[in-house]
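There are two complexes below, and they share subunit A, which is joined by subunit B in the first and by subunit C in the second.
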Partner chain A sequence: MNPLILIILLTTLILGTMMVVTSSHWLLAWIGFEMNMMAFIPIMMKNPNPRATEASTKYLLTQATASALLMMAVIINLMHSGQWTITKLFNPTASTLMTVALAIKLGLAPFHFWVPEVTQGIPLTTGLILLTWQKLAPLSILYQISPSINLHLMLIMSLLSILMGGWGGLNQTQLRKIMAYSSIAHMGWMTAILLYNPTLTLLNLLIYITMTFTMFMLFIQNSTTTTLSLSQTWNKMPVITTLTMLTLLSMGGLPPLSGFMPKWMIIQELTKNDMLIVPTFMAITALLNLYFYMRLTYSTALTLFPSTNNMKMKWQFNSTKRTPLLPTAIVISTMLLPLTPMLSILL
Partner chain B sequence: MALVHKLLNGTYILRKCLKPGVASCPFLGTRSADYCSSSLEKPAAAPGKASSQRKTEGNLEGHHQREVALDITSPEDKPEVSFDKAIKEEIMDHFRRLKNDIVNHWIGPEGRPLHEVLMEQAKVVWQFRGKEDLDKWIVTSDKVIGGRSEVFLKMGKSNRSALLYGTLSSEAPQDGESDRSGYCAMISKIPRGPFERKRFYDWSQFNTLYLRVRGDGRPWMVNIREDMDIIQRKDQMYSYFMFTRGGPYWQEVKIPFSKFFFSNRGRIRDAQYQLLLDKISSIGFTLADKVDGPFFLEIDFIGVFTDPAHTEEFAYENSPELSPRLFK
Partner chain C sequence: MLKFIIPTIMLMPLTWLSKNNLIWINSTAHSLLISFSSLLLLNQLNDNSLNYSLMFFSDPLSTPLLILTMWLLPLMLMASQSHLIKEPPVRKKLYITMLITLQALLIMTFTATELILFYIMFEATLIPTLIIITRWGNQTERLNAGLYFLFYTLVGSLPLLVALVYLQNTTGSLNFLLLQHWAQPLSTSWSNIFMWLACMMAFLVKMPLYGLHLWLPKAHVEAPIAGSMVLAAVLLKLGGYGMLRITSMLNPLTEHMAYPFLMLSLWGMIMTSSICLRQTDLKSLIAYSSVSHMALVIAAILIQTPWSYMGATALMIAHGLTSSMLFCLANSNYERIHSRTMILARGLQVFLPLMATWWLLASLTNLALPPTINLIGELLVVMSVFSWSNPTILLMGTNIVITALYSLYMLIMTQRGKHTHHINNITPSFTREHALMALHIIPLLLLSLNPKIILGPLY
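And now, the complex of A and B:
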């Protein structure tokens, strides 16, 4: 794509999200959402092919519907309270509608069907932006309206998301779909704790963005999009293979890696609020997630898959892919657990 | 030839008892299939084929109607037709498929463990061994637009292959608007899951299509369609040509997926896109070579495999002059 056009689109994307995050007027937040969507769709079509067109169309339809529902919720709130300020909402209908609209934007179950299909149709870098940057704006609005969200609706959606994210990712051999289902499950964890301690939502978001960024950078460096091609990395870059394993286990939430931190804090916070069944269910269904990460680890790092060359190791050339901050990201996504006390009150 | 044996034996791997060494080592299960030589079956002897070909061609003009299988049952064992029971059985069948779907989802992709799916290098997707295999295909010709071609599909000799035969006629239909006609096609039905959900094939670890056919020298076109749920996908198709030799020997056609070119609404487009293999819906064979007369094509099986020597990703380039939109 023409670099000038790409710069304009990326700037609009960043500006849209910043407008949503920093505004206090509902209309400006809605405009920010629309700018974000409009700028992202040409970015998804960087390499035009029928699959990318399909992904862009699905993204447009879902996000436009969500924006329309969001506007309707804003207007109902306006009718009942007479003001456009982004504080808690003054009407349960408006609150429910807005929660549903933001769930569609985030990809929470039962509105999660678009996430794997869209992620599969776009290149890896764009998929990274979809699963990390595009989550910032809806979660910031959810954070701001969290006092007025219906508890039952939010809990049901988050529990369903964790379940569907784990169940749907079980059989995938395409890496982008695996990352999409992992995103759905993590969004479930984030929204489960939103009504009890929103700080932990932001902590989970931060750790999730770091881990997803690391995973996508590893995929970009290996240029892999399927499990089979990822399983050949032991032949090319054995150190990266080990670090892929550590990052995947961190995504699964295993101590002593940093992915354990948000899960631990969320379960602790939920039990402090006298809820026992919900965190048990969440912890058990997170095992489904761990199962498919473990399978990926197994085929990548723990076993040597048969490859077509006869040598023990291929020549290791300098990689031509641009993977910025990869070592930093790997360190942050695996070794941040000792900083838990600071991070859980900082945000 | 070894590949033919591997693919043929692969179809029997479930029915024959595996040797203990193979059974205990699932990683190598598919690879040592060619050691199960007990299930090797040679194709039918050549001399019989030549005469059956001539007989088939001679019969084509006179016996079209009789050779269409109608499955007429005799009056003695007419089955009881009960509307309610049929509907109930249909619904129970769908729920059973749904339960199988959920259980298979737990086991792995397509109901097999993941390591088996990942290690697989050759797979038979369609084979013709009985009447139920013919039900997975639809035959069509230009009769639907008013032309005069005829096409039929039936099982071949001793249920070892399928025979697609008929007459091609490029006489234009008399409807005042078409001036060209003459095509026959055999298209696979879209695989369905419970409650008629559309499924698709995932061939992303394979890179070549393998066909074992016996034709009459006519050039056929192999068309692959992807997932058709999106609104404009029904018109998009990826095709390549299959040139058949006319001989009595079976022909093994290997078409890499990188060679398939893209066409939309029947026209080959200037902007060419790669065939992505993770959502294949159906495959089809079309004959439209403007030569009037009878034709036949005998198909043994259709499979996919990984050719490690084939490293090409896409055979066609896009040029800035023809499609400037792609180079903006």
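And now, the complex of A and C:
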């Protein structure tokens, strides 16, 4: 893509999210969402193949619907409170509508069907932006309206997301779809704790973004999009196999890696609020996620040469892909657990 | 406790920076030195001076298990030398690093004061064990074995996390030394029942209890020798240690809740001993024998009498050393004929007479011959379970007989009788193997001279 166009699009993307996060007027927040969506669609169409066209169309339809619902909620709130300030909403209808709108934007179940297909159709770097940067704006609005969100709606959506994210990923071999289902499940964890302690939502978001960033950077460096080609990592970059395995286990939430930290903190916060069955259910269904991460780990790191698979062997070139901050990201996504006391109050 | 943890962690740079022909010597010698230093912990005074810090402590229950863990690392390294000969040096160092990581995590598990630290380290031991089983096992079934191992343990232990966090919210602290004194008696209500289940299921899966034992034969059989040794000797005892710690907070509900699990372990020990009589796979036989011995330990812990606690701890240490030795013996067979089928290599006493001595001693300790500590453990457990309910003596007696039967079956099948013809060119035993067996059996026999150090805190 023409670099000038790319710069304009990326700037608009960043500006849109910043507008949503920093604004105090609902209209400006909505404008920020629209700018974000408008700038992201050409980025998704960088390589104009039919898959990308389908992904962009689905993204446009879902996000535009969500923005329209958002605007409806804002207007209802305006009718009942007479002001446009972004604070908690003053009407249960407005609150429900806005929660549903933001759930569509985030990809929470039962509105999660667009996430795997859109993630699959776009290149890896764009997928990374979709699954990390695009989550910031909706979550910031959810954070701000959290006192007025209906608890039952939120809990049902998050429990369903964790379940769907785990179950849906079980039959996948395409790495982008696996990351999409992992994103759905993590969004479920994040929104479950939103109404009790929003700081932990931000902590979970931070750790999730770091882990997803690490995974995508590892995929980009290997230029792989399927499990089968990921299993050739032992040939191209042997050290990366161990690091991929550790990052995947961290995403699964195994102690002593840093992916355990948000799960532990969320379970602690939920039990402090006298909910014991919900965190047990969440923790056990998160094991479904761990199952398909384990499958990836097996094919990448734990079953090595001379066990063969059906791929042609590749030459070991020096990698030409730009993977910025990969070592830092790997360290943060695996070794951050001892810093839990600092992080859970910092945000 | 840092005086053990830091040297153990420093074994890793030692391995990676050693010359290629010195990696085994360096790591084995230095881990042996560290294990000797752990014997200092045996000096248990009554003034609670072994409460080292806010995070680590050691008491007469965790000390024998800790010494066993640290003793086992040099033995594991010695046992692994032969099957890793053909690997490139980097992979050898990776293997040793996995063992050292596992060791450091196990030390921290056994000495943790705070129960959440115990939980995190308990779960953390899963990762190196999984890597050892799945990466360095020998058959394709190892993938399934790793998954069963990981998921059985995780499904059991995630409710434990919720229960521990709940305990912290209600009692204010999860420091084990404080909780012993602060624990409220639990009444028989549904929520307390679920909390009891949540606390205990993780350890019952780890022990394993008879109905949840499916992961154990898979994991033990598919693991390489060091993996089998550490699984049988130490990781199973993690479950027992956890149960011994946490039952002090679950009274008096345990008297009501223990019945189904007591039934399962009493019936299970007979079932698994009987299945040993029909095994063709040598490692599978030893794995099922582990389930049977651990069922005794579960029964002992659940009836909560002083004698049964002493029997449980003694039996854990004794079984750790015995089972590890049996796996080493089975591995010495496997390295020669590359098959675990028992009937393929028979009559080995003619070819390897000194190894036959070790087979004899291991089988004798497995069937709890007096005056070994195996007998002390089993006898204390049998007597205390008898005092809990008289008719259980029938089940216990049957179990002892069947244990004797399969131990002798294993001994006679592999050592005595007419040898098969195709093994007349097996390599003689290495000195390393003899040293390995001796280092297993000598502590076992010496402990029968002074068993009070392994009888736990209630002695």
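Note that the second predicted complex is superposed on the first by the 334 of 347 C-alpha atoms of A that agree within 3 Å, B and C clash if a C-alpha of one lies under 4 Å from a C-alpha of the other, contacts with A are read in each partner's own complex, and residues count from 1 in each chain.
As a working rule, contacts are C-beta pairs under 8 Å (C-beta built on N, C-alpha and C of every residue); 3 or more make two chains touch, one makes a residue touch a chain.
None of these values were measured; they are calculated from a predicted model.
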Ask   = After the subunit A overlay, clash or fit between subunit B and subunit C?
value = fit
Query = Can A:Gln174 be said to touch subunit B (first), subunit C (second), both, or neither?
reply = first
Key: Which of subunit B and subunit C A:Leu206 touches, first, second, both or neither   = neither
Request  = Give the angle at the C-alpha centre of subunit A formed by the C-alpha centres of subunit B and subunit C in the superposed arrangement, rounded to the nearest 10 degrees.
outcome  = 90
Inquiry  = For A:Leu60 in the superposed arrangement: first (subunit B), second (subunit C), both or neither?
reply    = neither
Message = Touch test for A:Phe260: subunit B only (first), subunit C only (second), both, or neither?
response = second
Task = Determine, under the contact definition given at the top, whether A:Gln120 touches first (subunit B), second (subunit C), both, or neither.
result = first
Inquiry  = Quick one: is A:Thr227 in contact with subunit B, with subunit C, with both, or with neither? Answer first, second, both or neither.
reply    = first
Task = Go through the superposed model and pick first if A:Thr280 touches only subunit B, second if only subunit C, both, or neither.
result = second
Request  = Note down the smallest distance between any C-alpha of subunit B and any C-alpha of subunit C in the overlay, whole angstrom.
outcome  = 7
Key: Contact residues common to both interfaces of subunit A (with subunit B and with subunit C)   = none
Complex contact set, residues of subunit B against subunit A = 105-106, 108-109, 114-115, 117-119, 202, 204-205, 226, 230, 233, 236, 262, 271, 273-274, 276, 278, 308, 325-326, 328
Request  = In the complex, go through subunit A and note every residue touching subunit C.
outcome  = 249, 254-256, 260, 264, 267-268, 271-272, 276, 279-280, 283-284, 287, 290-291, 294, 298, 301-304, 337
Query = Which residues, counting only subunit C, touch subunit A once they are in their complex?
reply = 105, 119-121, 123-124, 126-127, 131, 134-135, 143, 146-147, 150-151, 154-155, 158-159, 161-162, 165-166, 168-169, 191, 194, 198
Task = Spell out the part of subunit A that touches subunit B in their complex, as residue ranges.
result = 1-2, 5, 48-51, 54, 57, 120, 167, 170-174, 226-228, 231, 295, 299, 305-306, 308
